[in-house]
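So that you can tell them apart, the chains are marked A, B, C and D in the order they are listed, and the count of residues begins at 1 in each.
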């Protein structure tokens, strides 16, 4: 199968959605500009025109409200935020209207709105261009949250999101944009609320959210080097969350480490641990742990930024401690083939 | 000691803070109107004048921003939201500026801003006037969250919040406003991040957030009737959360039930369970569970609204199941002396 | 055929009486939902909606009984909703503050001030997108015009030349605070115009408003882009609840008296001959009594409604 | 004593050269932080800040190098911050987008567009509250004026008659999108005026702006409430980064040429005699070289800085 980037997968999914459904449109700051949101909207304006592909004023609150209004009228808008941080301007509409309209209007209306929001990382983007705030919407019933990691899932999740008759927050991590993988040309959808086992293992389960699924996958390779077998799960959907798949794995390995792509206090990792904690366990005591961004705003200085994020090696170290029961200061030697990708913009 | 209501405790704390520190001021929609925010701001305008006590336009975003600006200049503003739901308009400023300013400006500035936000309940206030959204700010480092339950704690927590050199979300539940208890006249502060054991017990630990601490307390009385001894903890501070006190109790009882005053997915109860799950447990397998609002918007119809909230009896039932290991459909007969207070406004 | 004044009177009388009944019933605790009455302000909804067609769409706030009814919303379903019954317009999930009747194109009444302005703007975009003939009308208060979403939405509506009429019901108060304590310049129409939405201020005369609204809506239907009408009016009752509030001291009986003398329902009554008036009133009284009866006798929603409608189920 | 033009030239030249050096160094990857350069727009910050006193306070956006330097922010600490060093103005926690120098009263530069407008307004309230003589100046772009917070803040500033000058640096673009594609009426000053803030639009002439700003600031200092100046200007470089961007096609070299011919730094240069100019330039070059040297040779922040300053520690 041909390999394409995450960017191209998102672009292609959008193109096919717009092609196949005249109610689909895409809008948001700069979706129609020459840089076309990292290329994810490239060519759409020329193909579908300014009615279906339009940039907006800097007015996130009203533009979110407008998306909800359009969706109530039966359109299927995709609203793009080049930074998830800016979603904080949209919370009133998403929480108080979008997530509630179907219920509080007794089922008389619905809001098939997709919100694409990107998490920044690296190159000193700093405190306000780096946040993974999706857990704040996991907290709210009435809205779905999906965070695809691979180009394959990026395409299938976007198609599922736009066809979903409820609001969906579609989370992208910008480092993922450059990854490449096999992606079918035809349209397909990910099943709602289904996690993916990226790698099977027996000693410890590692669940990684969004980009952290890749880091977890790399961590499993470091662990393999020292004879530890890690099962890696990408939940893909954070709301609804696939408790079953995660629980089955944790029951098998007896250990679960959840890696957030944001702060883990009241985060996705907290939710995963809470679900595990509530489950029925026979006699074997499961070990449960989580990692997330350091509990502070993201510092731009490269030396501090490095310390801020979990990465394959710190994840491996944590998992090893869980398996061996010994918390030492072991860290694997960095393997060149498992290095994090570099990011130097565009911003 | 004299007994006063929660309303009066908040009012007195504000009055004393303003009296003792010329930098303290209070503002927000309707703080200076005849109803004076349920009475919590009564008399302040007359005493301190319109410079220190002022209503605002309907502009939550800019008014939050202004509070941050005032705080950066060294004032200690209290910003009041008669509904926590409206806080969603303030998220950009709270998350992207207020919580980060001290860090991202390298310690050169600080934001001693207190945000009072009230959670509504009952009388068909419905989807947009009933939310407990504090967990969304527990997710964000740089801001404190406190949710006092009793008049005593209301006073001590407000004084601690206003003197705290960081932003603090001060959570009130409107049913609590009418409760009455002994409160010292002098100024005093609650210690930061310290939970309170409301009632000792041996069989199960119940942690209740805000108003749910009262329901948990009532639940313990129902449980006592059937010979189960519950320990009830009011965490008071949600950020920082007093893991130690909760863990010590859970270690003792071997069972922990956390009751949220909002949705529990990625909520405070999820965080409490996650903390417990991460802790070291010797051999005894702890039982962990949570309750929260039903995972939907709040319906105003009284029959549905009743089903929406955890209450003393449903909490007792859940706790009994955890202790006996039998999940039946037992519910205690309602005791008149343990009935929930009634609420008929004002709104 | 009945003339415009007659039709408007019937509607205004209907709204007035429905709200009076709500106020009368309120102390019985059968309506367990905060109610924001429009008594005194009905002229605005009536005069505007007189020009609307079934395929035009209305958005409003928590103070929406008048707009809901004037646009053709079902009275029985509204009463049942206020009673929290399963036959309510939203099956007991809306209460008074989120009335909806999609068959009548009454959508999106919201209790968070200002939110509907943006939703209505998006809805108007959808109409333009689909080249539908219907226009969108969005009612909101003077207080709502202070929210950022008002400004942002005006700009977008003007930029895209959307088919929308913004109706600001300026009753001079947000809860108990006068406009002059909240707005640096008390000229909402002027603000909208500076952003790019042609605007006009209209006083309390219902027939004048009817005329202005007619001309304005004609321009919007002709594809001439958005318009705003700032309509002065006065609320007689307290901000929320069935009572009066002059004892609070933020306004006086004398202030109210000036407006009461020019009461919108009475303005219209004087334009209709006594015979017709009595017949219209009788029809309303009958409808109203039946609606209250319907609400009273309807069943509660079943328990499993609690978790229905959280997510819309996908078709197909 | 040096005259105003000389002082402004020195400052403008300093800002221009500092940013040129940033652009020159950028490809070495020593500056690992997105940079938004003001090259071409320096006249605004220079002309406004020429009237400011140490106790006046400045807020700005991510495009803040010019305002930071013009208000007296430390150049060495700024360079070190861009390099991510522990000697940076925020110890490596700000990067280019959150410059701060509280000693010089440069506060609150933010990368979320529009946020500072509200923070500056609150700061001005604190000045009024404490009856301090200093005023607050808030710089932001044309794009920021579309955010709700702009509207809400103007209203509050006017309502309370706060001592604040809003400076909109209108460079006609938000990233690559022209103002006319974003604003229904391209008249930011007019919008502010309609809300209640007396406003004026000023072109690219630095001395004219200096004069207008002087008179405007005098009114604010006299307690006459807020003002807004919409200052037209032009960014030569790409929105973010050190390069040019004419190849993107959203604007042309020809557009830029019109502005380059009227370059603000050159405008000022022509007002200063050659001798003095050369002396001023030499001083700047020396300061700049030293600042870069300082940034290069400074140590990284220690690892424990990661978790310092998350919360301010309580005193006493």
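Going forward, a contact is a pair of C-beta atoms (placed from the backbone, for glycine too) under 8 Å apart; a residue touches a chain by one contact, two chains touch by 3 or more.
All figures in this text were calculated on a predicted structure; none of them were measured in a lab.
Among the remaining chains, C is positioned farthest from subunit A, on the basis of C-alpha centroids.
Centroid to centroid, with C-alpha atoms defining each point, subunit C and subunit D lie 46 Å apart.
Centres computed as Cα averages put subunit A at a distance of 41 Å from subunit C.
Taking the mean of the C-alpha atoms as each chain's centre, subunit B and subunit C sit 35 Å apart.
Mean C-alpha position of subunit A lies 30 Å from that of subunit B.
The residues of subunit A that reach two or more other chains are 56-57, 59, 61-62, 85-86, 88-89, 92, 96, 103-104, 126-128, 141-142, 295-297, 299, listed in rising order.
Annotation for subunit D: residues touching 2 or more other chains are 88, 91-94, 98, 110, 112, 146-149, 152, 155, 159, 182-183, 309-310.
A complete topology is adopted by the chain contact network, contact being made between every pair of chains. Across the complex, subunit C meets subunit B through its residues 29, 32-34, 84-86, 88, 91-98, 110-114, 143-144, 146-148, 174-177, 181-183, 240-241, 248-250, 300-301, 303, 305-307, 309-310.
Interface of subunit B with subunit C (complex): residues 29-30, 32-35, 55-62, 85-86, 88-89, 123-129, 294-297, 299-304, 307-308, 344-347. If you check the complex, the residues on subunit C that touch subunit A are 57, 88-94, 98, 100-102, 107-108, 110, 112, 115, 117-127, 129-130, 148-149, 152-153, 155-156, 159, 308-315. Residues 25, 51-52, 56-57, 59, 61-75, 92-93, 96-97, 101-110, 141-142, 144, 163-166 of subunit A are the ones that touch subunit C when the two sit in their complex. If you check the complex, the residues on subunit A that touch subunit B are 61, 85-86, 88-89, 91-92, 95-96, 99-100, 103-104, 126-128, 131, 133, 135-136, 138-142, 239, 262-271, 273-274, 276-278, 281, 283, 285, 288-290, 295-297, 299.
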